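Following this line, the structures themselves.
In what comes next, chain A is part of two complexes: it sits with chain B in the first one and with chain C in the second one.
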Partner chain A sequence: MKYLAKSLKIYLPFTKSIIQIMMTYRLNFFVSVFGSILKTFVIYYLWKAVFTNSTSHVLNGFTASDMLIYIFMSSITAGTVSNNTDQVIGEEVKDGSIAMNLIKPINYHLRLLFESFGELIYGTLCVSLPLWLALIAYRFFNIGELPPSFSTIGAYILSLIFGFSIMFLFNFIFGLLSFYVTNLWGIRQLKHVIINLISGQMIPLVFFPIWLQNGLAFLPFSSINYIPVMIYLNKINGTALIRAFVIQVFWVIFLLVFSIWLWKKATKRLTILGG
Partner chain B sequence: MGTVKGLFSKEYIVKTAVNKISLDIKKGEIVGYIGANGAGKSTTIKIMTGILIPTSGNCTVNGIVPYENRQKNAKQIGVVFGQRTQLWWDLPLTETFSILKDIYDVSEDDFKGRMKFLNEVLGLDEFIHSAVRTLSLGQRMRADLGAALIHNPKILFLDEPTIGLDVLVKEKLRKAIKEINKKFQTTVILTTHDLSDIEELCDRIIIIDKGSKVYDGSVNEIKNEYGFLRTIEMSIIDIKKALEIDIAKEFNLLEEDAKTWICGNSMFVKFNRNKISVSDIVAHIMGKVQVVDMSIKETDIEEIVKKIYAYEVSL
Partner chain C sequence: MLKKYVKLYVKFVAQYLKVLMEYRLDFFIGLLGFLVTQGVGIIFIFIIFEQIPSLNGWSFNEILFIYAFSQLPRGLDHLLTDNLWLLSGRIIARGEFDKYLLKPINPLFHLLAERFQPDAIGELIVGVMLIVYSTINIGMSFSFLDILLLLLMIICGAVIYTSIKLFFASLAFWIKNSQSILWVNYSLSDFSKYPISIYGKTVRLIITLVIPFAFTAYFPAAYFVHKEGIYVAIGGTVLASILTFSVAYYTWCKGISVYESAGN
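For the complex of A and B:
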């Protein structure tokens, strides 16, 4: 307990500093938020067109109304769990400023984790929460739909926390690639697009062909976005819910162990660029 | 073509950055660690600060192996890399100090006392509330040195702390380093290309070249041994008259102790200050021709390093 309190005292300033920095560059932040909201509406209208032109009202278990919630919750979820950890590591390796962080008595993992908490808090308070409330209000005043039960929201939030941890650890591991490739920018763009697709952010995974769905079951990405949103939609419950949590926890532990191992390996071959 | 080829294949060359360097630095010493660009200074410092892991050999800093116990070692050292900053770029300077206070677990009283002291020697108050990105290089360096000292480290590593700074700021930094060394018995390891840094601060100097140690001894010794050459440059109105002046002949000295040559409208004399004084040379020349301008250059550190290295080879 004492150790935890001490760690919090050491690492919380990193969370605070990221929030301050994001506030300094708030225009940049809100422009990018505006961009993703726009993207969400584009995806929504695409799906709307699909449903209007379809003979069936239910596609793969999704009604048009389910799909609306899926698309917006998916966007909110993605906005909440996403973080720039890989970019931070990439930049620090590229310009050599990683040296300045290694001369401080701080753990690199924890520092980045607390920095991503900064992104999480700022993004949740300024974007995710207001958008979610807007969605609830829209559904209530439009068709009189009540928000999901507390237990569903609770399960969603728990799943979201695991999703965030998986995303953070994955980005950390991905960022360590910069020790080997020096400039991460290109493959980072590729990663972004792929994760967009296979985490179910744009298309629910049940719409994919069976072989692909089976393949994706062996990867951590559905745990980032698809599982939390399906939980929110009440499409995963009972034993399936327990199983979903077990899968998420498994990925958190696996990626954590792997990231620590890779960090030790990567720092051995560290070169500080620029003197 | 090379660029295209590089897209597909890479060649690796194994280069030994530092080789067989062995040093022992005592508590409270200020050591100048010098060498030409690429000699391996920064590599050694990176090993001592725990950033790089040596492929062989060992290194202990105050009883701790830095690359095995990076975080523990980091608590007892302070580091300034002149080309980088450890300050939070987007935050006001005060924030950097309060973050560092928490990271290094500095008590409130210690923090206040040290801030006051650092403020006196580095004058941080003028810009303590500005965002770091708006600071000038000189202000940033002062702040960086302050940030490296807030936890009162036992060992201070300074990698080119005066690079790109004006004379006044340099002076301030040197004074601060001296004062800290005196007050807290802080061991200082300093790399620099500015000989005057060494002259003002260090008692001992270690020179490395191509990854190996070539000199380890006192500063006075090295100056007497290698830094005795000075060059005077004089602008002369009637350069033709100056053609006949040859200091070596007129003072009965060897050519290597006083060399005279002319280039454009200037006359140069490179001399050994142990054999002849500046005033003698200047008085002699001024007696013969009209001098409009004059400057005296010391042998700089690169030249001494070059010399020492050449000497080692000829051994």
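For the complex of A and C:
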């Protein structure tokens, strides 16, 4: 307990400083959020047209109204779990400041984790929560729909926390690539697009061909977005819910172990120019 | 006069390609990035058409045709005018704009020629391949005149892209950094890849009359698959490109006249 309190005292300032940085550059942040909202609306309109053009009301278990919630909730979820951990590592390797950070008596994993908490807190309070409330309000005043039950929201939040952990660890591992490649920008772009697709952000994974769905079951990406949103929609419940959590926890542990191993390996081959 | 500019442009591009050869891997990663982005867009269309035979009267291949067409003006603009992003972001803010005013060439030409973005070749390749693929599947036949018209439409579309970028980038002359504003408006181009009948009224109004991205893809492409008449589609596109360029160029000139260097 004492140890925990001590670590909190050491690492919380990192969280605070990220929040301060994000507040300083809030214009850029909110503009990029606005851009994502526009892109979400394109996807929403497309799905809306698909449902008006379809002869059946239910496609792969989704009604038009399910799909609306899915598209906006998956966009909110993706925004909440996203973090810049890979970019931070990449920049520190590029300008060499990582050397100084390795000398300090601070755990690199933990420092980045607490920094990503800053992004999480700021993003949740300023974007995800207001957008979620707007969605709830829109549904209530338009069609009188009530928000999901407390237990569903609770399960969603738990799943979201696992999703965030997986995204953080994946970005950490991805950022370690910068020990091997000098320019990370293009690969990050590539990563972004691919995760967007296979985490189910634009298209619920049940719409994919079976062979692809089966393949994706062996990857962690559905745990980032698809699982939390399906829980929110109450499409995963009962024993399937337990199973979904087990899968998410498995990926958290697996990626944690892998990232520690890779971190040890990568820091051994680190060469900093000059200094 | 024109000859001088062409010669200069070739020199500028040659310089830039030298830089690029230094960072070959980055170039290929960038190219791959655009190819995959387009690939994902196509997978999306493909999955949608697993569910329905046609989207508001458009077949799979017709949708693919608009999507493909949208890549060409976008790619062409991206290839040639990428420096506008830097104008909006840092050239004015850091007072680096002085150098464009000191040369005996048109400052806009100098700015655009300075940077060449070959990543865009990814967009162009995908666009051309998909246009060929979709036209064969639709069974469209192009006369020589149609091909000329297609090229004209691609150029007009690119001019609209460039003008919209130039307009919002020029705002930096007043507000120093307009990159975020530019980015949001540029994001609206996403709406032009699909038939505009799927959107609500407000969105349609914005992308046709305010920030006319609909003329960079939807309208010209709809003409070729006989979904829009010649006056609206072709006439509208030409008119939109002339109007947007006039507004943008006027704003740019006004901007230069209020430009004050960072000074020290």
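Just so it is clear, the second predicted complex is superposed on the first by the 272 of 275 C-alpha atoms of A that agree within 3 Å, B and C clash if a C-alpha of one lies under 4 Å from a C-alpha of the other, contacts with A are read in each partner's own complex, and residues count from 1 in each chain.
Assume a residue touches a chain if its C-beta (ideal position, glycine included) is under 8 Å from a C-beta of that chain, and two chains touch if they have at least 3 such contacts.
As the structure is a prediction and not an experimental result, all values here were calculated from the model.
K.L.:
With the two complexes superposed on chain A, say which partner A:106 touches: chain B (first), chain C (second), both, or neither.
P.N.:
So A:106 only meets chain B here.
K.L.:
Between chain C and chain B, which one touches more residues of chain A when both complexes sit on the common chain A?
P.N.:
C
K.L.:
Would you check which partner chain A:97 touches, where first means chain B only, second means chain C only, and both and neither mean what they say?
P.N.:
A:97 sits against chain B, while chain C stays out of touch.
K.L.:
Taking the superposition as given, does A:21 touch the first partner, chain B, the second, chain C, both, or neither?
P.N.:
A:21 contacts chain B only, not chain C.
K.L.:
Could you tell me if A:207 is touching chain B, chain C, both of them or neither one (first, second, both, neither)?
P.N.:
Touch partner of A:207: chain C, not chain B.
K.L.:
So, does A:186 touch the first partner chain B, the second partner chain C, both, or neither?
P.N.:
Touch status of A:186: second partner only.
K.L.:
Applying the touch criterion given at the start, work out whether A:268 contacts chain B, chain C, both or neither, answering first, second, both or neither.
P.N.:
A:268: touches chain B, not chain C.
K.L.:
Quick check on the superposed pair: does A:38 touch chain B, chain C, both, or neither? Answer first, second, both or neither.
P.N.:
In the superposed model, A:38 contacts chain C only, not chain B.
K.L.:
So in the complex, the part of chain B that touches chain A is made up of which residues?
P.N.:
Contact set of chain B toward chain A: 42, 46, 49-53, 70-72, 74-75, 77, 79, 81, 83-86, 88, 90-91, 95, 98-99, 102-105, 131.
K.L.:
Under the touch definition given earlier, write down the residues of chain C that touch chain A in their complex.
P.N.:
23, 25-26, 29-30, 32-33, 36-37, 40, 43-44, 47-48, 50-52, 54-56, 180-181, 183-184, 187-188, 190-191, 193-194, 198-200, 203
K.L.:
Tell me, which parts of chain A touch chain C in their complex?
P.N.:
Within the complex, chain A contacts chain C at residues 27-28, 31-32, 34-35, 38-39, 41-42, 45-50, 52-54, 59, 181, 183, 185-187, 189-190, 193-194, 196-197, 202-203, 207-208.
K.L.:
Spell out the residues on chain A that touch chain B in their complex, using ranges where they run on.
P.N.:
Answer in residue numbers: 6, 9-10, 12-14, 17, 20-21, 24-25, 96-97, 99-100, 102-107, 267-268, 270, 272, 274-275.
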